[in-house]
Every structure is written in C-alpha cells, then in structure tokens.
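Across the two complexes that follow, subunit A remains constant while its partner is subunit B and subsequently subunit C.
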Partner chain A sequence: MTAQAAATNLVEQTPVSHVRTYGGISANGAIPVDGIEPWRTEAIQKVIQFGALPENWDGRGGVAPAMAVRQKAFEYLMSVPSIGAPRIVPTSGGGFHFEWSVGPREIEIYIEPDCTVEALRVLDGMPMDDNLSMNVSALFHWLVSK
Partner chain B sequence: MADQRPADDGTIQDEDRLYIRFRATDDSVVPLPGGVSRPMTGALLPRRKDEPISADLASLCTPGETRDRGGAAGPFHVAIVTVATARALGFRVTRDPIPAGQDGAPNLAHVLLHGTRLALDGNMKGAVKRPEAERLARESRVADLPPAP
Partner chain C sequence: MASSAVSDSGLPDFRQPPVDEVALSIQFPPIQGFNIQHYGLYWQRVRGEYPRFEVQQPIRNMMEQFGPTKVGHQIGFELLALPEIRGWYLDQSGNRLVQIQRDRFVLNWRKVMGNETYPRYPSMRESLKNEWDRFCEFLKSEKLERPMVNQCEVLYVNNVEYDKGWSSYGELDKVVATLATPRAKNRFLPPPERVSMQVIYRLAEDAGRLYVSVSPVIRARDAKEVLQMSLTARGAPKSSSNEDVFDWLDLGRRWVVRGFADFTTPEMHVVWGKQ
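== the complex of A and B ==
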C-alpha cells in the first residue's frame, strides 16, 4: 500500500447500474419503493393530485398547495408510524389537513402554506389543545394508546 | 387583549341555519351513524388564518344556490348548521352581503362567522381557532342535494 492510498482510503468501486426495467418501465433499484405500504402510496398520490387543483378551486379564492407544501406533506406522511390512511383534504390557503382516527381519539395535522405544521388532538369529539408542538412519535403514541 | 370583532347581529335568528360550501373530494365528507355525514374540518377553514368563516343564511337562499353560486368549477357540498349552534360555540354572526359585480355576487345571504383566535397584535378580530372550526364541523351535517345541473 502506498502512503497516498493509506491517507485517502481510496476504494475502487465496481461500476454498476441500479436501473432495472419492468415491463418496459425503467426504475432505479437503489430507491426502496417496494417497502412503502399501499396506504402511504395512496396518500402521496392524493397529495400530488391536489397540486393540480385549479385557481379558485373552492369558490373562495383557493390556491393549490405549492411544491414545497406538497414536499412537506410527503415527508410527514413518510415519517408517521404505519397506522393506516389518513383522511386528506386541501385547505383553501394552499395547505393540507390530515386526519387519523383510532376509536375515540383523533389527530388532526395541518400543513400550512408556509410549510409549518400544526396539530390538534381530539378525544371523544372534543378538541384537546390548539397548535400542539408535540413530536410525531408522541402524537401517534397518544393516538393508539388505550 | 381587546375583542375587536363586530357585534353579533341580533336580527339573525337563532333558528336560522347556515350553509357553508366546501369542495367535494374523496375525504371531505365524514360518514356518521344513521346515514348522515359531516364535513372534515379542513374543508371549512377560510383561506387565511386571519379570516372569519364564510356562510349563507338559509332564510335568504337555498342550499342549492349556495352550492352553485359563482364561477368556481366544483364539485361542491354544502354543510348545514344552526345559527344557535354557531353562537353556542363562541362565534359571532354578522351579515356581509356581497354586492353585484364581485365573484359569486350578488349574494344577500352572505354572513361571516367570527371566531376567537387572537391576531398577531394580541387582539381578537374574528379569525378562527382550529378547535372552533373542528367543533363547527362536528356539529354540521352535509346536505343531501340533487346533482348540480
């Protein structure tokens, strides 16, 4: 081993392509899409579709969620535990509202047009708190707790 | 903190009902027992955090008119809730007729529901808190209307 190789820890990488072809469609095998649960895929598809809402889609001057807001929504959907599909609606200002229900408990997540995230917990139909800054793990732990 | 909301309009009867239009999407309606349904909270939220909720008075229009008003493409649903319920949740209800020449106008039935969210200056100006919108959505029922023409 030369002094230079030891200092830089050079590694010779065998050229390899991650591109695979399935039925004529190329996919990068390095991106792990196989493991995404169907509900997450479906939710992400809804988020993508809402990006194409027309101007004034709600008759109140509503705007479609911008790319940055959709990206935030993707990240949020990928970060939550696998407890099933949320209800998803776009909000008039260009954000999203997600809602998960387990028995009498609900979590409402608001992704705002400025990409901030607000949460609201609901128990037996009564809102518990506003603008909750609880982390995702604690929120969903509460949702599934008895 | 000062309550700078307009005064509740006493000429609007408790027994009157409010029609709130919202976009029909896969998840915008939550089915309830008994074959009825309610809107999802996010569907009722105003465009901006500092705005009140917009509605129409049932005494001055039909739910079909609320649904089909203006040039927006839709499809839309209409949520129904009584004025008394909105007031009981803390909303002030005021008339806000929209004159001819504006989008969705003229609309003499138009009213605003003022909530208690504090503005950035610490005063109450009619914006709506999430829990207020949430409870309003829970108390509302989606109108069973014939298909839009």
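== the complex of A and C ==
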C-alpha cells in the first residue's frame, strides 16, 4: 500500500507534544527514555537510524528523512497508545510509513516530508475510504476494538 | 569534564571526559522593544560566522530563589502578548551555536559527529564574552536597553556509555559515587532495568543551586542509548556588570566540575583518564 493508492485521513495530533527533551538550554536533542516502554525506545532508535540513509538509498533518488520529519515521527510514536511496535519504513521522498495491525485491522500512518501526518485504515486487506479526520486515540481505539 | 590537556585552574581534569555539550547562559528580563525583526537584523551581523539559523520554541525563564519560596522558580510567558521565539545561530559545523530570545543569551558547544574535542572552558568563556559584547552593541545600535542580568547558568552534559566501566543499571554504583554502598544479599528486587534521578545542591552562601540529573537517553546523532548525566549550576550574579556575570559563570563552572568529580566514582575517573 502506498500513500497515493487510497484516500487517507489527515490525523489530528494532540496539541501538546509528549516528547520530552532536556529542553532548557541544551541543544543536543537527546531523548530521555526513562519510563518509556522498550518498543517505543527501539522505534525511536530506528527513526534516528533512518536519518543517516545515504542519498539515493533506494536507487530511485530516495532521500533520508530530515530532522523535522524525524521529530514529527518521535512525537507521533510517543503519542500513540502502548500497543506494541509498528513496522517502520522510510519513504523515498523523505518521510515515514508506520504500520500497526491487530487481527484483520491495520492502521497505516504516513509522515510526509512536509511533516503532515495521514492515516489509512485497512480492514481485511481492503482500505477504508472514509475520508474522515480522526484523532490519534480514535484511530487506535478502532484498531483494537472488536 | 575539563578537557584533554592540563587543567586550567587546578580543577579535576580528564584526558577523555564524557562531555557531550556545554552551554553558558545569561538571563535577564525581556528586553522591551526586542521583536521578531531583531532576530533577522542580528543575523545580518553574525552571518559570516553563523551561516545557519533555526527558529525554536522559547525556553522558560528560571530563577533560583531562597527562603520560603520554591526551588528553581519558573516564570512563564503566558501573560506576554508578543509571539515568543528562540533563535539559533549555528556555525557551519553545528558544533557551536548562539541562542537568543527576548530574555536569554546562550552560547553552546556540542558534539555533532561524536569525535570532536571539547574546546575547554577558558575558550568558551572568551567566546561568550565576545558574543555577549557584540549582542549588547547590537542592542545599543537599535536603541534598545542593555539587559539587566538576573541569572547565569552553566550546563555540562555528559554521556556515560555502557560497557565502559559499567554495563547495566545494576552497576550504577560503579558510576555514581553516592550510590557506592555495599550491595545487600537476598534482596527481593532484581537489578533495575533503568534508573533516573535528580539531586539538587545549594551553592555556598546561597549563590545558586547545582542540579545533577542522571537519566537514560537516546543520543540523537547515533541512536545509541547512553546514561546522560547533566550538571546545571544556576544563580544570580552580584550585579549586571560583565565582571560580576563572568565571576558567577566561573563559580558555576567550578561547582559543575568539582561536583562531577565528587558525584562520580574513582573507578570511572580512571576510565575517563583523570590526571
């Protein structure tokens, strides 16, 4: 599934970032991980590592996700309920694709190079063309509901 | 915490200090009339040395108070009508940056690649003095008031990597001297998976406070999890004069460096090459 293949939902994130940084006068951008589940830590590490992708990493002119995109990805990963690690892949244009699945339900999240976040719900392998704007908690509530 | 050569002031010195970032900060009440356009006007002056500019969220105003008031009192921005930003002026490498907001002026040095050598405090101090003087000259040329400094701050961020003298949080007492007590046998709890802590000390004569924070972090440059030990000294200079401001920064730096040596174990000092 690609971002262009089906209609996606613009995701409303919570207005307050859950990413804690040292803030203050520090500028090193380290992410405190005390109190964070191991899956979230590993996901954040993957996001950082994808920032080091070389130019044309996919043979199609792919670029590495920029710092602002990675920061958006951190914020998103910290804002979702604790349901386990998503599959994380970079997109050729410099974004991210996250994918969570529970039984027949899937959520695909696209963090675009311009830092917008879009979501696609998939049920039994078929995208749901509902075009509704959904917030994070509603999306994940749908994912785990029976 | 000091760097690779001999000590500049008789303070503890390490050949391979774990320091990852150092910042020196000067805080003052918001400069009246300092607006968005001044960030750009200032960049025109420093662009030769700081060719990159980033807009960041402002950081809170912090005041150390003593007596019946609270530790590290924060002053918020909520009542200010103007949009607040913090400007980052970065050199080409990203190692050095100047941070400016309406009530702060900060000079940072940080590792970007990981193999850079910390340029020693005297060099940082000299750079801050030059940058601060240039900023005050800029304010004067814009007919803005010279800031009345109310707090100074010294921050050292150290990254203590695993498997260099210790290997897990069950061995944190090999890093942190204050935890170095004999381990009881037959304990119910297993060794901790992670530990974070903050310890606050008063500087002599209530000149400020030293905050020591220990916390696991993911390092942004290489995604490596490390134990980050940051030491922040903050307090009020006797006056807003350059002499008093830099005297306080020297005091804060002494507390940070001696505090770091005191807070950590002799075994780790060997790992870091204490001289």
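Here is the rule we go by: the second predicted complex is superposed on the first by the 111 of 146 C-alpha atoms of A that agree within 3 Å, B and C clash if a C-alpha of one lies under 4 Å from a C-alpha of the other, contacts with A are read in each partner's own complex, and residues count from 1 in each chain.
The rule is short, and it goes like this: a residue touches a chain if its C-beta (ideal position, glycine included) is under 8 Å from a C-beta of that chain, and two chains touch if they have at least 3 such contacts.
The shown structure was predicted, so the numbers you read here are calculated from the model rather than taken from an experiment.
Of the two partner chains placed by superposition, only subunit B is touched by A:87; subunit C is not. Counting residues of subunit A touched by each partner, subunit B versus subunit C, the larger count belongs to B.
Contacts of A:45 after superposition on the shared chain: subunit C is touched, whereas subunit B is not. Overlap of the subunit B and subunit C interfaces on subunit A comprises residues 46. Remark: subunit A residues 46, 50, 54, 56-63, 87-93, 96-97, 99, 108, 110, 118, 120, 122, 125-127, 129-131 touch subunit B in the complex.
Touching subunit A in their complex are the following residues of subunit B: 21-23, 25-28, 30, 40-43, 45-49, 54, 69-74, 76, 103-104, 129-131, 134-135, 138.
Across the complex, subunit A meets subunit C through its residues 22-35, 41, 44-46, 48-49.
Partner subunit A is touched in their complex by these residues of subunit C: 20-21, 23, 25, 59, 62, 88, 97, 99, 104, 106, 108, 110-111, 153, 155, 157, 159, 194-196, 215-220, 222-223, 225, 228, 230, 232.
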